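Given below, in the form of structure tokens, are the structures.
Common to both upcoming complexes is subunit A, partnered first by subunit B, then by subunit C.
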Partner chain A sequence: MKTRTPYRVFRVVALVVVVLSMVAPLLWMVAASFKTNVDIYDSSKALAFSPTLENYTKVLQQANYVQFIGNSLWVAFAATVLSLILGVPAAYSMSRFSMKKSALVVLMARVIPGVSLLVPWYYVFSNLRMVGGFTVLILSHMFVSLPLIVYIMMGFFDGLPMELEEAALVDGLTHIGAFRRITLPLSMPGIATAGILSFIFSWNNFMFALVLSGADTKTLPVAIFDFVGYASIDWGGLMAAATVVTLPIMLIALFVQKYVVSGLTAGATKG
Partner chain B sequence: MLRRSVIGGSLAVAVAIGLSACGGSGGGEGDTGSKTVRVTLANHVWTENLKKALPAFESQSGLKVEITQLGEDQLSDQYNVKLNAGSSDLDVMMYRPLQEGKLFAKNKYLADLSDQTKASKDWDFSDFQAGPVEATSYKGKPVGVPIITEREVLYYRKDLLAKAGLTAPPKTLDELKTAAAAVKAADPGVAGFVARTGKSPAVTQFSSYLYSFGGDFDSGGKSAVNSEAAKKAYAFYGGLIKDSGPANVSTDMSWPEAMAIFTQGKAAFYTEADSLYKNATDPAKSKVSDTVGFAPFPAGPAGSKPYNIPSWALGINDASKNKANAWKFIAWATGKEQTLAQQKSGVPSARTSVWANPEGTATYPKDLAEAIAASAKGGVGHDRPQVVKVAQAREIVGQPIVDAITGKEPGASADTANQAFQKFLDDEQK
Partner chain C sequence: MATVTTPAPASDTSAWSRWANDHRKWLFAAPAMAFVAALIVFPLAWTVYLSLTDAEGSVRAESEFIGFKNYLDVLSDTDRFWPAVARTVSFTGIALLFEVVAGMGIALLLWRPFRGERWVRVAILMPLVATPVAVGMMWRLIFDPNIGMANQLLGWVGIGPQPWLAGKASALPTTIFIDIWQWTPMVALILLAGLTSLSDEPQEAALIDGASTWQRFRHVTLPLVMPTVIVAVLLRGIDALKTFDILYATKGKGGGSFHEVETLNVYAYGLSFDYNEYGVSSTVLIIFFLIIIGLMWALTARRKKEAQR
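Our next item is the complex of A and B:
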């Protein structure tokens, strides 16, 4: 069937508008990261400017960003893996044994604003002499990623047919064996989604790292504010740092978006 | 099951309250005398200078200084969490006396420094300017040492003035108004005047206008933002931006935006804190570094009354167990020698002797040094309402500024703001 022309024109225009408005700030950020501080404010040099790599030198050499990238990667990775190890089996049992109320309690962790927990946490962890270390950062990030993973995976497990496991049980597998050999391999897309989302949340988390990290364990979102001073803002450095923070996560998202989208709908419609 | 989780929930809340309660009382008795002093500082030129000088202090005193450095607002957030939890992890804190000083002092986060400030003759507390010292005191007792001060001055463009046929920068606010209009008439592409327009950020720079018209935010617990003087000041500030400001001016500008307009050569006059002057005179940041001039804040009906305030101070966490060594660090960082070195590299200090020393102003543009000297004399010691919840108060008293810029009737808006501010002050008294 042929689509009518006005509709097609509208479609193209709408797409262009949406894409431009989404991409423009990103492009501005990347462009600004190659400009000097004087040029950034100059609207006549929005597109035509002589690029400089000075900002990136600053970010990667002087400002110690390599270390902060390492910190962020480690915290996000560890928090995600640990949350997956705890969260996937938890989600499985909640889904299979109808533990809806336990699920509600897990959800509470998402409902309570994180900021209200910061003071008690800080109090507890500083008395345990843990503030400033990686352990406390990973634990606090797990607080965000665990409920997320449990919820996505619950929806996913609900959608997997019970019959597959029953067949495995008939064939002589134990419950755990059925989970390990049948359910787990089938739920890989869901695990990928949950893992990636949890990684992104952890990568972007600012609040917990602000209070609980130390000078050596700072993560990227906190470190980025080093470029904002009281009486001076280094826009070029800030934009270069922001590009450095955004790039890895964008690359990851680009490669795995297939999983994310299919996993999200799997959780949403069958949950 | 449900009931149990409700109980569990309230238990968690109770525990949290209990924790913060014992956090508050987990006092700072005893002195461990640790050789490590933990210092939290803001991102500032002052901090960068200090870090360079630090090794000398460490080897001379035998102390180790651990610095945590954060952005202005991040610093504030961190203090709120850590101090609320009664943490003794902080020894020395760099804080904003006018923004959070009253809150910190009221919550007993800041140690009383009466004894320390009296103890040392060489260090000489009487050398600090009166206005800033008042702002770092609570109930008559010093709780902080001012390290960085600022005043509002007039930034202007020498070349644009000449083009509009003016020979000298305006001395009064009326002259400023005429001059700004003349510049805009001579070149419609250039704004006559620019300044902060955002509701909250504009409050501090508006304050000098308010004082120079003879007003203040409050007097003795009574809101005064709808006094005749205040109404005139609102109308003047807003009107100046509306009539001579940049076309389609945003009402969301803080200093980075307003400064950008000025340093890109798009405005002739700009009233702003003197501590930002390097943004205008540094060729790497400014296109007008050759043509920028400075003048004292123009006089209003009540004279020229800019603020003269400490933007940052050092205090000691009352829960710190290392107060003696914390003071050693402060005494060094705020001593005459360090202060002079700081001021030479562009950080305006609070010490009279450093301002009196020709070396102290040698690196400043000559007209700026003169403008600062003039402002320090008649300066008012606050640039925003002196309350506990400063952020909230700024939102209230800043609304008429925005209304005046957008062309609403400033008088009516000031009346509304006055009502809200009075209620705010009453609530805070309770």
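Our next item is the complex of A and C:
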């Protein structure tokens, strides 16, 4: 379809406005993380400031952030891998055998407010003296990851033609063999999408870790939250901490954009 | 299937593998289902039970069964509960409205290919993947009444400083703005996926019939993409109702000193973990859960109707 020139000009202007309004606040956060607190308070130094790494050294060395980064990585990684192990075969079964009711049960987890599960979890796990350990934290994050993975993978398996599996059966493979040797290798793009999304959501999760993590298992979002609440806010340090948690995720999104978008929009166009 | 009769190769015919093969449907699905049951169904049942007790204080404390007293108390609480319901509804409603309208605008802008498309998409993906707590902190700095960039920008166009998150009346609208900033891209991407899946013929037919751009959007594109719009509203609506991170990160416990941004989720969280009122909080959560289920059910019914047309 041909587009007229005035529309093209409008479109470029509108796109620039959209991009700026999305990116400018984030750039502002990153800029502030390289400023001293004196410069943050001085509006004449909004853009012209001499960058300093002081905030980062403070956050990484004094405030234990290296450990929190490790905690976040471990929890997100473990929750994602375990959810994939449980979720991919389940999604396969639910897709191939149209187990609509079972799928609904798993997907309910996406709808339930997390707090309503946190209360009983907290009851059980604090009586078992497990609150503050990694096990509970990883389990709680799987509650977010598993439904997401089942949802994305069901859509993926729905779109995967059965012919190849049937051919494998003719060639003498068992059903499980066909799943392992034919379907799984073909599903790698779907598994990558589901895994990346699950990792991002787990990395960003705040509420579960806020209740269930302890001093040694604290994840980054909780660590950032703990940064405030004292007398006056150390803005430079806070922005450095916020950048430390956000940057890795933004880099993932930058490099595997296609997977992230297809995961986020999974199931959106089905009837 | 004709292939079922094919004999399996000799190496794979152990009793276990044959059993596994025959029961693969449940063998595959059961572990995930068991996990969900253990972590959701059972806890949810316990929440229902707790909502009928006066549990409070320590998790090891004794609690007594008090029937529906909590429900009566909560439903007649015009001080905290109903204002929280109102805030939840207006937060979700206003945010959704702006997100769908702006998201549709952005999706239409991105619909037809152009140079640099990839970079625009990366840019709008950024707010969406950014950690919500960090986003909350970022906007706290930008909206700081004294040193924030927002008031400086307003100053340049001659408008006086605003209290933003610090104001009693302006805190909720400001958090709605943050939600819109973060989640409009999500709606835009979903709608874009919907638009991209449409075929070109109806558009071309309308063009040949001499329909204007607006007419084509209103009478051709919009009805066709409507099922996707409903999916976007459904997915985003559920998450908007449950918004917690940015509210807690910007205003802290109880949604601020005057409960300015205390939605149902923040209220229930505060009751549970800041005040240890487990019984009452469970009641609020059950009511909240019922509201969500009700809304979802209504929207799904709408979507089915839309899909049939």
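Quick notes
Definition applied: the second predicted complex is superposed on the first by the 255 of 271 C-alpha atoms of A that agree within 3 Å, B and C clash if a C-alpha of one lies under 4 Å from a C-alpha of the other, contacts with A are read in each partner's own complex, and residues count from 1 in each chain.
As a convention for this text, a residue touches a chain if its C-beta (ideal position, glycine included) is under 8 Å from a C-beta of that chain, and two chains touch if they have at least 3 such contacts.
Quick caveat: nothing in here was measured; it's all calculated off a predicted structure.
With the C-alpha superposition on subunit A as described, subunit C and subunit B clash in the combined arrangement. In the superposition on chain A, contact of A:A215 is made with subunit B only, not with subunit C. In the superposition on chain A, A:I249 contacts subunit C only, with no contact to subunit B. In the superposition on chain A, A:T36 contacts subunit B only, with no contact to subunit C.
In the superposition on chain A, A:Q62 makes contact with neither subunit B nor subunit C. Residue by residue along subunit A, subunit B and subunit C are tallied for touches, and C comes out ahead. Of the two partner chains placed by the overlay, only subunit B lies in contact with A:K101; subunit C stays clear of it. Once the two complexes are laid over each other on the shared chain, residue contacts for A:D226 go to subunit B alone; subunit C is not touched.
Once chain A of one complex is fitted onto chain A of the other, the partner contacts of A:Y122 extend to both subunit B and subunit C.
By the touch criterion stated above, A:T5 is placed in contact with neither subunit B nor subunit C.
Across the options 19-27, 127-135 or 181-189, subunit B meets subunit C in a clash only at 19-27, per the superposition defined above.
Residues common to the contacts of subunit A with subunit B and with subunit C across the two structures: 41, 105, 108, 116-120, 122-124, 126, 210-211, 225, 228-229, 233. Residues of subunit A touching subunit B in their complex: 36-38, 41-42, 101, 104-105, 108, 116-120, 122-124, 126, 131, 210-211, 214-215, 222, 225-226, 228-233. Subunit A makes touch with subunit C in their complex at residues 1, 3, 11, 14-15, 18-19, 21-23, 25-26, 28-29, 32, 40-41, 43, 46, 86-87, 89-90, 92-94, 96-97, 99, 102, 105-106, 108-124, 126-127, 139, 142-143, 146-147, 150, 166, 169-170, 172-177, 179, 200, 203-204, 206-207, 210-211, 220-221, 224-225, 227-229, 233, 235, 238-239, 241-243, 245-246, 249-250, 252-254, 257, 260-261, 264-265, 267-269, 271.
Within the complex formed with subunit A, the residues of subunit C that make contact are 1, 3-4, 6-9, 12, 17, 20-21, 24-29, 31-33, 35-37, 39-44, 46-47, 50, 59-60, 105-106, 109-110, 112, 114, 118-135, 137-142, 147, 149, 152, 181, 185-186, 189-190, 192-194, 197, 200, 203-204, 207, 227-228, 231-232, 235, 238, 241-242, 244-245, 248-249, 252, 265, 268-269, 272-273, 278, 281-282, 285-286, 288-289, 292-293, 296, 307. Of all the residues in subunit B, the ones that touch subunit A in their complex are 1-2, 5, 9, 15-16, 19-20, 23, 42-45, 66-72, 74, 77-78, 81-82, 84-87, 89, 256, 260, 263-264, 273, 275-276, 278-279, 283-287, 311-312.
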